[in-house]
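Quick one: structure below, then a few questions.
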Amino acid sequence: MKREIMMRVHSARVYNGGTYGLLKLVPVEGILPGDIEPGQFVQVDVPDCKGAFLRRPISVNFVDYEANELWLLVRAAGKGTRSLIACVEGQQLSVILPLGRGFSMPEKGGRVLLVGGGVGVAPLLYFGKVLKDNGYVPEFALGARSAGDLLMLDEFEKYGPVHVATENGELGTKGFVTQLPAMAEDIAHIACCGPTPMMKAVAKIAKARGINCEVSLENAMACGLGACLCCVEDTDHGRVCVCTEGPVFNINQLKWEL
Amino acid sequence: MGTLSVNIGGLELQNPVLTASGTFGYGEEYEDLMNVNSLGGIIVKGTTLLPREGNPGPRMAETPAGMLNAVGLQNKGVDYFIDHIYPRIAEKFSTEIIVNVAGSTVADYEKVCEKLAPLPRIRAIEVNISCPNVKQGGMAFGTTTAGAAEVTRAVRKAWPKTVIMKLSPNVTSIVDIAKAVEAEGADCVSLINTLMGMAIDVERRRPYLSTITGGLSGPAVKPVAVRMVWQVAKAVGIPVIGLGGIASTRDALEFIMAGATAIQIGTANFIDPSISEKVAKGLAEYCAANGLKSITEIRGII
Amino acid sequence: MGTLSVNIGGLELQNPVLTASGTFGYGEEYEDLMNVNSLGGIIVKGTTLLPREGNPGPRMAETPAGMLNAVGLQNKGVDYFIDHIYPRIAEKFSTEIIVNVAGSTVADYEKVCEKLAPLPRIRAIEVNISCPNVKQGGMAFGTTTAGAAEVTRAVRKAWPKTVIMKLSPNVTSIVDIAKAVEAEGADCVSLINTLMGMAIDVERRRPYLSTITGGLSGPAVKPVAVRMVWQVAKAVGIPVIGLGGIASTRDALEFIMAGATAIQIGTANFIDPSISEKVAKGLAEYCAANGLKSITEIRGII
Amino acid sequence: MKREIMMRVHSARVYNGGTYGLLKLVPVEGILPGDIEPGQFVQVDVPDCKGAFLRRPISVNFVDYEANELWLLVRAAGKGTRSLIACVEGQQLSVILPLGRGFSMPEKGGRVLLVGGGVGVAPLLYFGKVLKDNGYVPEFALGARSAGDLLMLDEFEKYGPVHVATENGELGTKGFVTQLPAMAEDIAHIACCGPTPMMKAVAKIAKARGINCEVSLENAMACGLGACLCCVEDTDHGRVCVCTEGPVFNINQLKWEL
């Protein structure tokens, strides 16, 4: 069930000189809803800010039910997200959650690879944790422009092997995630989130090799509730809202030209 | 009759707060987050004779204190609405359900009206002659007095209950359009639909919207909407429903003081999903605090 | 010719950045705070045949991402301008000085043009047929093709140098108005003037402005302005000057990509008094960073 | 000369539960312009705030040239001013100053009374200081709704006798400043700032008794530079901008019906 809850910034840290921020939020009252699934997102009302009008859809980075914390990893893409990153401890934010359909649980057996690019690594952390909790051994293939853009590696390592690629070669394999040796080996299931060209490249590989593959889309969104019909994507079952039918889609549902 | 009850051209509402078509889905999208039945009514998504898939994405761009949309009347058609959506929401909601009706031809409007007419819970339709996001019909009907009159005449024949004509602000004289639809028997007018706008992604050197232009809504347009409501309310005898950037009780009062009998909340639903319920409560509190026996006492006091 | 130089209907500007009439006084109000000569030009306050005291206060109301004004062409008249203001600013500023000309009758416009014509430093006038804040003339001329054409014809005879017609957005088709003034020999059009709006002080139950309605400007109107510039630039052969909510280099680029040859900065001057100079610099930096030999390379690329 | 300078919040405090705030600002670089006069105002760019668009004109409360500080006393009247009051130490603000025409120096001899109501007391503090520095003995007549709305009394006491009135009688004389005994005595010159009805009541008394009287107006303002012509007031020399010809006017210049 969707809820609007007030949350308090329990801790806030920035990465790469403010390019990214990690907010750990706790409900002002009560406990976090128990039904937040990996790959879902939340709609955050941006604090007072001249340039941002709508809520910002942010994927669930992690849910720590023991600490009653929701983690949001945010990239400074514009005024709204910059304003979120600038939040300080104690600040309160209105959050609507949980929204959309998250990642599917893969069939048992076979390698499960979670492929992320840039801030798109965010939802893979919680998915990795849930996979591990359920007896899977997820592997992470994470790519970014430079070492500073590779986020939260220590956290990912808690849930499975981490393979990294940087475009400038500062860390891991030089190049894109698609060039990682881990991508060349047998894979049964991919969950992917990142820039569209990167997701399309991954989808192309998955399709060619018959790998089951889900991607998480980031279409421009207003309500996040399926009411405004702004964030549509063409699929095999028509033009649907990414906010309710997604953000996670199996690549076979999409009309992508690969 | 309660302090907040108002009459919009024959239809009595328990309070003046409606939700604007296209911003509130069929009400169900919001039911987890608020009490839909606390409202005067909901106006559901623009409904056409045949299913429409609307415009391709991207359909949305944020602008200063507002947003552009280019949805283009995506809906599953009137038959699907009658068979699958109406039974569910008629069961679920006790508040008024108003259907926004759109079409490419006058005959389209007529046929949709005829199909909806037997539904007992639909006691009013809002006729969209002002959608800036479709190529045929839509705004074309709403920007000339002759076009607006023609649609009104046809709908008036096909629909025996309350007819609300939704007017476009993209005209030289919205008063002339309002007078034209009043003369053809409209029971009520609602205004404003979106202003036609455009935004460019400078980095990529292309428009944000697939359709290049789209409809501007949100607080940015409120001064234009208040002005038009004030002009129209002085010029016509039928009730005026005001909308355009309403995001608070204060904003709703501004429209009522400008002459609106009822108001619609649109884009603000996206930011605060329970804002419509809050405004309904806020109006009741305002009446109590100011000793009003009826909200109509401040209607059009400017 | 520099990277930023542009030609607006016969008048060469060193860069596309102008300041909008009524928002920059006579340039002198800003000279402590910026280098006025860094601009393509300044467009001074609306000038009429006789002195006008304008509307009574209050004349201003803040709105979401914008403001309403109801100044009503307060100015000391063309003779005072010629005798007292022109000599001072012609001496002080080397950048282009464009006079915004307004009137209640066609004859008024003609006479003001005749009086200004001998001034060597005034090489262009901007003809205001779109002021929403005066009872006679003003917007009345700008909302019909016949009225707009009539003023253009008269001004064209009385003014041998560059004629810029400033258009109103409060019309059904700004393209029709633009074509009408082009047909009568206008060298250039500028758009948009303010949208007619209104705001109510709910606590006091009265309008904020003495005139009830006023002109809306600021970032709120930018999407409407960009859309109209795009429509007009595609439809006419003369240069288009874009304005409406420009507050950054990015905004200026948006208008240029929509088809504007030059741009005006208006309301943003009130918030950042050196914004016009910053935008002129920003455009130069953009050209350098993107390898443009001329800003005109991106004009109208949408 | 007008300048736009970046200033840093050196200290910020609130009064009466946040109804008022006192910001002490220092230039980020260099020293304060030396030409700031009592009764002038500044235009402050409001920090990021959804509801405020224009700068806010705020009167000069005090200039402490030794500490390089400009003081602004602000009432929370709307979103913009609330946002200013919420400023924290270290925050930077763009300020345009000094603007407008301030108070005249009275002729020597005779009682000089500075009459303030509510947050309108603000500009009288610096004027009192300058008067005292120039050998005058200014007296203050300060009124407010309640004791909590009477601001900075300890500061005013540094520069002259302070007479106070509160509408609810919590402090000083019960009633309006016009009812203060100090108003009934001989007065040569009044400088007045406060709500319009209060200034008109004071002006009426001054006119009836032939007291030289200046008032500071607060008309709605956009540019503050004399460019937009929004803040006009009708005077004996025509319809003029309050931001350049004022904010201080002699009551004989105004067209007030008293």
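Some points to look at:
Chains here go by letter, A, B, C and D, matching the order in which they are written, and residues are numbered from 1 within each.
Methods note: a residue touches a chain if its C-beta (ideal position, glycine included) is under 8 Å from a C-beta of that chain, and two chains touch if they have at least 3 such contacts.
In this text the structure is predicted, and so the values were computed from the model without any measurement.
Centre to centre, using the average C-alpha position, chain B and chain D are separated by 47 Å. The distance from the centre of chain A to the centre of chain D, with each centre set as the mean of the Cα atoms, comes to 53 Å.
For the pair chain C and chain D, the distance between C-alpha centroids works out to 36 Å.
Contacts with at least two other chains are made by residues 63-66, 218-219 of chain C.
Chain contacts: chain A has residues 51, 53 touching two or more partner chains. Taken as a contact graph, with one node per protein chain and an edge wherever two chains touch, the assembly forms a single closed ring in which every chain touches exactly two others.
Taken pair by pair, the chains that touch are A-B, A-D, B-C, C-D. Contacts from chain C toward chain D in the complex involve residues 22-25, 29-30, 32-33, 45, 53-54, 56-67, 69, 71, 74, 208, 218-219, 267, 269-274. Those residues of chain D that touch chain C in the shared complex are 1-4, 45, 51-55, 94, 96, 219-234, 238-239.
Considering their complex, residues 63-66, 68, 143-144, 170-172, 195-200, 202, 205-207, 212-213, 216, 218-224, 226-227, 230, 245, 250, 253-254, 257-258, 298, 301-302 of chain B touch chain C. Listing the residues of chain D that touch chain A in their complex gives 48-51, 53, 83.
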